[in-house]
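You will see two complexes here that share subunit A, one where it goes with subunit B and one where it goes with subunit C.
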Partner chain A sequence: MAINSFFIVRGLILLLGLVAFYHLWTASHLLKKVMAWLIFQISIVLLWISSAYVYHGHLNPLPQVAAFLILVFTTGILGIMLVFCLGISRRHDTLDIEKINHGASL
Partner chain B sequence: MKQTDSFSFPPFLFSRLIIWIILPLLCALFAYGLTAIPTPGDENPTFHVASRYLDRGTGETGFSFPVLAVFLDYRSFDLVFLSLFFVVMTLMALLISVVENLPVRSFTRIWAGLSLLASFLLLASGWAGLCAGSNFMDYEFWAGVFGPGARIHGAEITGFLVLVTAICSFIWTYKVLTSGKEKRFGH
Partner chain C sequence: MREHLPVLLLILPLLAVPAITALSFSSTLINRLSVLIVFVLGWIFGSEALIEVSTHDAWSYNLGGWAVPWGIELVLTPFTVFLAGVIWFIGMATWFYGLPYWMLRRGEMVKEGLFNALLFLLMGSVFGLLFLRDLLNLYFCLETGLAAAAGLLVVGQAKNWRDGFYFFFSGSAAASFLLLAAFFLYASTGTLNLNDLLAQIFISKNAVIVLTSGVLTALAFTVPFSFPAPYFFSRLVGQTPSFVMGLLSSVFVRVVVYVLFILFFFVLNLPGFNQPLWLIVLEYMLIPFFFWHFVLAFQQKDFQQSVAFISVAQLGTLLMGFLIGSKSALTGTLLELLSQLLVVAGLFFIAGTLRTAPGNLPIARLAGLGRHRPWTGLALIVFAGSIVGIPPTSGSLGKWYLIQGALERNNWALLFFIGAATLLNLIYFIKLIVLIYEHGEEDADHPSSGAAKVPVLALALGILMLGIFHQNVIQRFIEPALPKAFQNISMPNVPFLGKQVE
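Moving on, here comes the complex of A and B:
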């Protein structure tokens, strides 16, 4: 497999996605989790866009459509997550899971 | 005295352990996907159904832009899921505004109503084809009623209704979020 600049770009996108996934799993603040999830989804979208190659003078439409759908669904899920965050912050006055758990254990 | 406490795994460490198991697997999956994607200079990549969409898309759907042909016509069922998803989002924002007794003005609720109405119209137009003995959201059924040009108009109407559902849902959710913050900070 030839290592070209395009592959390096894809590798960097992959790295970005993995770092975001790590923070999605380990972050204790809910807004940080939401941001990490957003970056992870953006990396997926970028990977889809990078696979839209030319065929007979046209770009393959399927990766573009998939990327657009993921982007719209991501924005919607982001809204739902923020609504949940709103509900949690109104009850506990914080979005930090460790503080919420600490408060519940007292 | 609880003897099991000394054997309990700290949750913090447990989550770190899980992520270091999942992360290499995810990395391997993505890397495999990257090697399968053709490079930009590849003249004859494995193409499957996309080549058919490009070759016949304009003639069959009427859209000159292949992305619109796929998005609004060939893959129009995805739009139904998209519409239903935004209905869920609207209802969730509505639920939290009621449960939390948020100071949302009655005028603002119009956005939620519009979102639900547009989604209902989309489903109703889809059922019309089904009731006439055709398939759900079958644009060819409308082409049989109104002529060949009706297919592209059916796709455009579907796209418009989904767009209205999504935009109204976003505006409604934004209003709920801002009104929630207002009450929390005592404004």
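Moving on, here comes the complex of A and C:
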């Protein structure tokens, strides 16, 4: 199988998604978690965009529309997550998970 | 107007969100009145739609007149409209049940308005999950539902910011797998419409894509499936008002199960596709895993924690039907799904009537409940009877069909699991009856509110009605919702396709 640029591009996108997904679970700060989720979502958006060029360089509009809609929705979800972070930081004075859990268990 | 009923049903709760949020700043009375009007309008639209789909079968509606696969399709089937009616009923019961809670908090007018708006947002997203036949839109509805659910958790109890965030965050992270599944399916088929996907998958016969997207889809729903398991959401179960827990555990979780049913049996149902052994083993391991929650439930000293475990445990029964996959088993699953919607909400509502303040609710408080509050005690027996499978509750019929399906396939492993779970539930049921009718301490305090009693009794009545009229429900709503291979329809029959391919 010939390795073309599509394989490389999609491979890099998947790698980005995997790294983001790893940090999504392991990050110890809520903002870092949210950022990791954002990068994970962006990697999915990039995958969608990459599929718009599948047909021998011809542009397919549907994946682009899908990518745009996902991006808009991701922005909205990001906003809600940040509101939650704000609420938590007001309540616990920190966004560090260990400190929050320690405070909650007291 | 009548021809636009499908979209009206979907946008009514969504339009109510900004309207009710804005009205919450005016006065409590206006806000409550507007909520009532929306509910009444929903009943009017819903009953019109039900008449239409009952006489003409499924109703396909293209948003903006754009035909599929480019446009977005809404499909109303007799079962989805009936299910939407049950959900609307539970939503209304939740709102009515919550009224005394808000009346005690006179200064929190805006908060009450926000709660009502989020309730409708959840209803709208759930309706979207039921009616929309587009994979990408299913993701959007799932995310909106998660956001509404997280909002309800926080509005119901301000201490829930942290747990609400974790619920929303992990739910969103998991839901992203649905986007990945959609991507792989689109890359393989060039479509996102569910009916079209089925046809294209059949043409391409791409088993790898079916397996990959199936696993990713199941992963996408893991967070709703684990809600409200106390080992993840312990604080939420104790702190959140019972009506919020009841609404989310019944409506949100069970609708997600229905979406999974649609995706597995109508989209990824490639004829001749054999699941790999590891997946079959994994699926069979999930059944005892879910049923183990019954054991955990009976070990609890706190009633609300116990109900939370029961809510998760019952998902095992639904999964069992999926695994068997025969006509009887899927009929049982859909009947059980309807039953569980009412049971889970009802059990949480009862817990709420017994709990005076956020925190623990020892099971010992149930002692003598049947004598002090006979109607609530009776309702509790109906809910518990439905879980065990005692006739004429709807749960008994659902399990009957499931057992029949397992027998037809000679699936002794699943028969053993459901038999063991039923026996365990029966023992606990007898213990529960003894407890609620025992002559305990005379000072056992069972605070009661008339408004809270009505939804509990209505839900219990719903379970009995569903059980008594189960034949009608099966013939009119459930049978048309089964894969075509299982429907009693005349030829030509293309069993594996949702729509015939030209």
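We take it that the second predicted complex is superposed on the first by the 100 of 106 C-alpha atoms of A that agree within 3 Å, B and C clash if a C-alpha of one lies under 4 Å from a C-alpha of the other, contacts with A are read in each partner's own complex, and residues count from 1 in each chain.
The criterion applied here is as follows: a contact is a pair of C-beta atoms (placed from the backbone, for glycine too) under 8 Å apart; a residue touches a chain by one contact, two chains touch by 3 or more.
Values in this document were obtained by computation on a predicted structure and should not be read as measured data.
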(message) Quick check on the superposed pair: does A:26 touch subunit B, subunit C, both, or neither? Answer first, second, both or neither.
(response) first
(message) On the A-aligned overlay, A:70 touches which partner chain: subunit B = first, subunit C = second, or both, or neither?
(response) second
(request) Applying the touch criterion given at the start, work out whether A:12 contacts subunit B, subunit C, both or neither, answering first, second, both or neither. (result) neither
(request) Please indicate which partner A:87 is in contact with in the superposed arrangement: first for subunit B, second for subunit C, both, or neither. (result) both
(request) Kindly classify A:37 by the partners it touches after superposition: subunit B alone (first), subunit C alone (second), both, or neither? (result) second
(request) Determine, under the contact definition given at the top, whether A:47 touches first (subunit B), second (subunit C), both, or neither. (result) both
(message) Touch test for A:58: subunit B only (first), subunit C only (second), both, or neither?
(response) first
(request) Please write out, lowest number first, the residues of subunit A touched by both subunit B and subunit C across the two complexes. (result) 21, 47, 51, 54, 62, 69, 73, 80, 87
(request) Over in the complex, which subunit A residues touch subunit B? Could you list them? (result) 1-2, 4, 6-7, 10-11, 14, 17-18, 21-22, 25-26, 47, 50-51, 53-56, 58-62, 64-65, 68-69, 72-73, 75-76, 79-80, 82-83, 86-87, 89-90
(message) Per the contact definition, I'd like the list of subunit A residues that touch subunit C in the complex.
(response) 21, 24, 30, 33-34, 37, 40-41, 44, 47-48, 51, 54, 62-63, 66, 69-70, 73, 77, 80-81, 84-85, 87-88, 91-92, 100, 104
(request) Could you please specify the touching residues of subunit B with respect to subunit A in the complex? (result) 15-16, 18-19, 22-23, 26-27, 30-31, 33-35, 37-40, 42, 45, 47, 49-51, 53-55, 57, 66-67, 69-71, 75, 78, 82, 85-86, 88-89, 92-93, 96, 99-100, 166, 169-170, 173-174, 176-177, 180-181, 183-184
(request) Give every residue of subunit C touching subunit A within the complex, in rising order. (result) 70, 136, 139-140, 143, 147, 150, 154, 159, 161-162, 164-165, 168-169, 172-173, 176, 179-180, 182-183, 186-187, 192, 235
